[in-house]
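Next up: the structures, one after another.
Two complexes are shown next, each including chain A; its partner changes from chain B in the first to chain C in the second.
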Partner chain A sequence: MSDLSTDPPLVRIGRFLRDNPMIPLLVFLFLLIAVLEAMRPGIVMPVRAGRDGLISTFWVGNLIKFAIPLAMLAACQVLTMLTAGIDLSVGVVATVSAFVCATLSSIWGVAPAVLIALAAGVMVGLVNGFGVGVVRVHPLIMTLGTGLIATGCLQVYQRLVINAGSVVPDFLVWLGVGRTLGMPNGLVLFVPFAIFILWLMRYTGFGRLLFALGSNERAAKLSGVRAWQVYIALYVLSGFIAALAGLLYLGMIRQTSLSLANPLLLPSVAAAVIGGTSIFGGRGSYAGAIIGALILRVLDTMLTLMQMPEGARTALFGVIILAVTALYVRITGAR
Partner chain B sequence: MTDTSLLDASGIAKSFGAVRALTEARLTVDRGEVVALMGANGAGKSTFVKILTGALRPDAGRVLIRGAEASVGSPAEARRSGLVPVYQEPSLIPDLDVADNLRLGDTPVEPFRAWVAELGINRLKLSDMIGELPLATLRILDLARALAAKPDVLLLDEMTAALPTDLVERVLKVVRAEADEGLGVIYVSHRFAEISQLCDRASVLRDGRTVGDLPIEPGVEDRAVELMLGQTLDLGARETSGAVTRKTGTPRLAVRTLAARPKLSDVSFDLYPGEVLGVVALEGQGQDELFEVLAGFERPGAGTIQVDGVPVRFSHPADAIAAGLTFVPGNRSEALLSQRPVRENVALPFAARLRSWGQLKLRRERERVGYAIDKLQIDTRAQGEVQRLSGGNQQKVTIGRWIATGVETLLLFDPTRGIDVRTKRQIYPLVRELAENGAAVLYYTSELAEIPQACDRAVVIFNGRVVDVIDASAADEATLMRAAYGLTNGASAA
Partner chain C sequence: MKGLVRKHGWSLGLGLLFLLLLAVTRLIQPTFGASGFESLARAALPFAFATAGMAIVVIVGGIDLSVASMMAVAAVLAAVLMERIAGVPALFIVLAAGLVMGLVNGALIVLTRVPDIVVTLAMLFVWEGVALLILETPGGAASDWLEAGIRGFFPVEGIPQALLIIVVAIGAVWLPVRRSKLGLSIYATGSDERAAFRSGVAVGRTKIAAYGLCGLFCAMGGLSLAALTGIGEPVPGPYLLASVAAVVLGGVVLGGGRGGLLGPIIAVFILRIIRTILTLMAVDPNVTTIIEGTIMVAVVMLGTWLTMRGARR
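This part shows the complex of A and B:
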């Protein structure tokens, strides 16, 4: 209830940014792209403006292509973080889904493989939701635990199918690496997906409840919300999205491993946080998380261009994620 | 011996932001004297106690202990200077055993054991875990610990609340005996029976000011009530003087011998449609538990609840809401999504049920929320987050939520706590209007003056039991105050 007009300017700027989180994010994104262009002239804007036009559609397409699985996993984090939760099993779930799909495709064919891969994600989500909503285990512990269990199960499963070989279904390859008019085909999946998430958060009762539970669970309870129902639905949805992202990632990488998508976990959390989602719940935006994912991809490109050794790059990436997040939190006063 | 008082506090003032909790409080305690500190809800008692014990620093005034200025800055310093408090809430750490707790406070063990035995607890082992001991025992341990520290002044803050009668007797006897040996005691209590048995003098606080010292003698109750009341705030005349007709037929809400731990022991009443039933109770008499049970947050230990003649059991607030019982808690922060806009706060119950998880019906929502905002005259100029609204407007939002869904039975727990007079004056007619339109309202308020404003009848709860039912529209504040302090004239009706 502070008087809006008498606060010091920094507080007012912070509040403005908190109310309009997209503005600083977009500014930051374009700033990074400008730096990138300065580092390696021509990468974003080709020297001769040929058929690509002013901006290299190839580069933009590439940026978007690799941001898509990250942005999908970031959706899991945004949704769970709205309720002051988090889903640390998404990396493993995406990996499991990709692995199961690739191996089963060679045994039973593509359709059952895809369905079973998605079902695996839903299963993990169901366990997460039960643990968080009914048993009331902290989401951090719960999803870390189920992630570990899923990793173990995956190793056992690998021995069972060791002779089966793996096949990456054609339509996933089309989605993962194909391009239409310079833009990645992944957008065919991602655009409707993003619209769905934005709609879910903004225009549905379920979305309202996510915000409500994260803002004040007692107030939600007081209004008649049975929180466990929401938590179960939420983590099931999160598991499903992670599995879906795993399938897309499989098509993009075109090979499987037991830790395929695991490295995407921290960036998925970071993308959500950079995008203005509070890990303490009640505040978040998926549009912001998408920009957050793009920012992280641009940063990654910059580090690659600096030709650092893999280890140093990974470490620096971690440092940058922490620094950007801390800075953003400091400016907006959001957490 | 000199004639300086053990404790002499004078001219104490304290403000919290714009709220002046204390303006001119004073208190003296002489050797061997037991002084009762009294005051109605909101008189500034707890602030005064916190200043005396060093938990708060006063804006003005000074506290002398044994004639020396106690630059009371922290509870530890106050303790060293000779003033030891015992609070209503046990201050022992539940995860440690008795011996460890004593060590933390540097309490000598032998005197402690002697006091525990003296106070009537015989089966205590030093290895007992605090968390496993009953509440009554913990209070006694707290007192024994305080006595073992050999204080000059002992401050007992509502320490007999929820203590069984035999232990109360024991405590009073021991404290009186110690006072006769020279101990000074400050006794904060609502209970006249104990005060007249134990105390020499009562010091009465009203609106942050010490308004009188009364010797304890027959008839002191009435004088104390008079002093506590003083000039009362004008809350405006009651607008609808609707003749109070004794309601008949099936009650909307029938509560029988309801009990809930720790403080509610036996409450029965009927609430009829079209009626506002007040709840008159001092702080901590069991009204919190009553509302929690009716709202579906807690399960009762005993007793039954019937809604429109049908027995109900609530295991979740959603069950209570389904039965038409909607709850507005006293603490607004419990009910609000502070970072969300007014509209989402008001519309929250719409999305609660599983079948309304899909696409929001925005038009219906706008209509219902708009209706509630109009009805309550919620000032929504400060668009955006609810936390940017004033306290009064925030409270209106918590009530508006149920106006928007349609009220059947409204449970209002101290709805006017900490809000401005203007908003208060809007709330009473609103409550009356809801009742006239057929709603049933249960209305607890910590301000007795509101009871005749808003209610038809009032149940008086004292020490977890309904002790009286009074006709609220005719009751003056003195009657209500006497009732709240358990001073009935025997004219009780069930």
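This part shows the complex of A and C:
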């Protein structure tokens, strides 16, 4: 440890924070909740005395409920950012999957509808993976392009099923709005999902390949990694997750629209960046992204309480992403 | 000689392709004439300005993902200002605002040392938010002369006014810059930043200036958006992908240092006329969006592939 002491303190703090990103994040989250409690006393209390005895105020449950789809989409960003990529098509994919599921449920029944919705996500992921892995287009431009094409496809599809009406499957509604013991049922889907992602990143060969490609792509390739296969698998997985998140979001909102989940795109990137995932690849944690999603939702509540307009919120997300990334670059000296 | 052919041959080829597509359009719709060309040029206006701005930052070795958002800010600013004060001062305020937005982008990139793509991605959100703050719902009004200014022909029948605006505005900004020391610095920084720095080029200042120019062109794009629609729309349009595709198709290498502004502008017209052809063939407009998106992605893929092959050699 003697060589560490020669570094300037800022770098040492930076290294500590990088090794334990959860500590400052959790501190920040609880700080925000404390501020919120000060702004609106009693908001975090799980129960409150109402006219007919104790009533639950549900705020914590609500917070978690709305953070779940965001955290799922953040998983797409974390995984792709590990390889220095990004997936900007997740918002559109989630929307497409929700729309397809809702409209096909009324025509062909629920099971095929869900399968086709997930298949649509996989399709977009496949195209992304091909563009990024085989043709080597920058992921940002590639996923933006596929997002645009998918939006076009959705509009054409919408005209085909315009008379079909839409049905939101019951089990999605149960997942989306149902509650057990004050906690949202979405956790039934999300907890196994989060464990799967954490396991995938930390304990599997695939996860190690992602870290390897992001840290030093050339070294990884020279070590025999077939990069294009990893990229295709990665973006297909990302598309699948996005489609899944779209289904959950459909159950939560219970109505269809052509831009249902699109507003979740920017926050999902922000959640991943706040959670300590480097947009330059090779470093990231999904646990951090989950906390990041919670932080964003608390911030959202706060800005709503302060009656901040929509534009200010969007701008703030941008500033947060930039500030966190700049801070990371400044502290660690890495790019 | 080979370099010369490569440099101008690409724009020449694009020009020929454009003429060919014009002929195809004429074949499909025999009545397609001067007025058709005029509406084509008008539709191309915002795309041309977005592409010009994007081309400059790509030449300097960066990329600006916030072009569409900056255009939205300029458009709503123009619509709001022109409703309240005289048109000409409003015009200059919008142009100045665009320049400032671009300079902010560039300064953040240079000062924070965060890669262009990340900074401009974050600024995309910021400018989008700013546009929403200026005007929450579509509204405001563009000056009548601005709306009338992009219509019709000048000075002779056959040359659309919109085309003239594109050529004059981009030429007036870009040609003096390109001839000056700044232009040389931009190309030097784009081809090899470290070498340029060691040769005494103020790399940081050059980058900031390039992003500033991009912002200026985005302001022009926003003004033309306001002129086209007559109102200000706070939602960014599909200009990011379109401008990247046109820049790549126009022969500017992603990575910087090579290409000019002529090729990308012709490329804009090629992409626009493809849309016209699809419309004339009575293709569903939504399907047109899909085809257009596919073409753009294919163009970027091809460009990346060619760059990779060139790098390997």
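Heads up, the rule we're going with is that the second predicted complex is superposed on the first by the 293 of 335 C-alpha atoms of A that agree within 3 Å, B and C clash if a C-alpha of one lies under 4 Å from a C-alpha of the other, contacts with A are read in each partner's own complex, and residues count from 1 in each chain.
Just so it is clear, contacts are C-beta pairs under 8 Å (C-beta built on N, C-alpha and C of every residue); 3 or more make two chains touch, one makes a residue touch a chain.
Nothing here was measured: the structure is a model prediction, and the numbers come from that model.
J.: When the two structures are overlaid on chain A, which partner does A:140 contact: first (chain B), second (chain C), both, or neither?
T.: Second partner only, chain C.
J.: Can A:60 be said to touch chain B (first), chain C (second), both, or neither?
T.: Touch partners of A:60: none, neither chain B nor chain C.
J.: Determine, under the contact definition given at the top, whether A:226 touches first (chain B), second (chain C), both, or neither.
T.: first
J.: Once the two complexes are aligned on chain A, which partner has more residues of chain A within touching range, chain B or chain C?
T.: Partner with more touched residues of chain A: C.
J.: Considering only the touch criterion stated at the top, classify A:119 as touching first (chain B), second (chain C), both, or neither.
T.: neither
J.: Applying the touch criterion given at the start, work out whether A:322 contacts chain B, chain C, both or neither, answering first, second, both or neither.
T.: second
J.: Please work out whether A:283 is in contact with chain B alone, chain C alone, both, or neither, and reply first, second, both or neither.
T.: first
J.: Where on chain A do the contacts with chain B and the contacts with chain C coincide?
T.: Common to the two interfaces on chain A: nothing.
J.: Could you list, by residue number, the parts of chain C that touch chain A in their complex?
T.: 65, 108, 112-115, 117-119, 121-134, 136, 234, 238, 240-241, 244, 254, 284, 286-287, 289-290, 292-294, 296-297, 300-301, 304-305, 308
J.: Looking at the complex, which residues from chain A come into contact with chain C?
T.: 86, 131, 135-138, 140-142, 144-146, 148-149, 151-153, 155-156, 159, 266, 269, 279-280, 309-319, 321-322, 325-326, 329-330, 335
J.: Given the complex with chain B, which residues does chain A contribute to the contact?
T.: Of all residues in chain A, those touching chain B are 1, 4, 19, 203-206, 208-209, 211-212, 215-216, 218-226, 229, 233, 282-283.
J.: Given the complex with chain A, which residues does chain B contribute to the contact?
T.: Within the complex, chain B touches chain A at residues 295, 297, 316-318, 321-322, 327, 329, 333-340, 344, 347-354, 356-360, 362, 382, 384, 387-391, 401.
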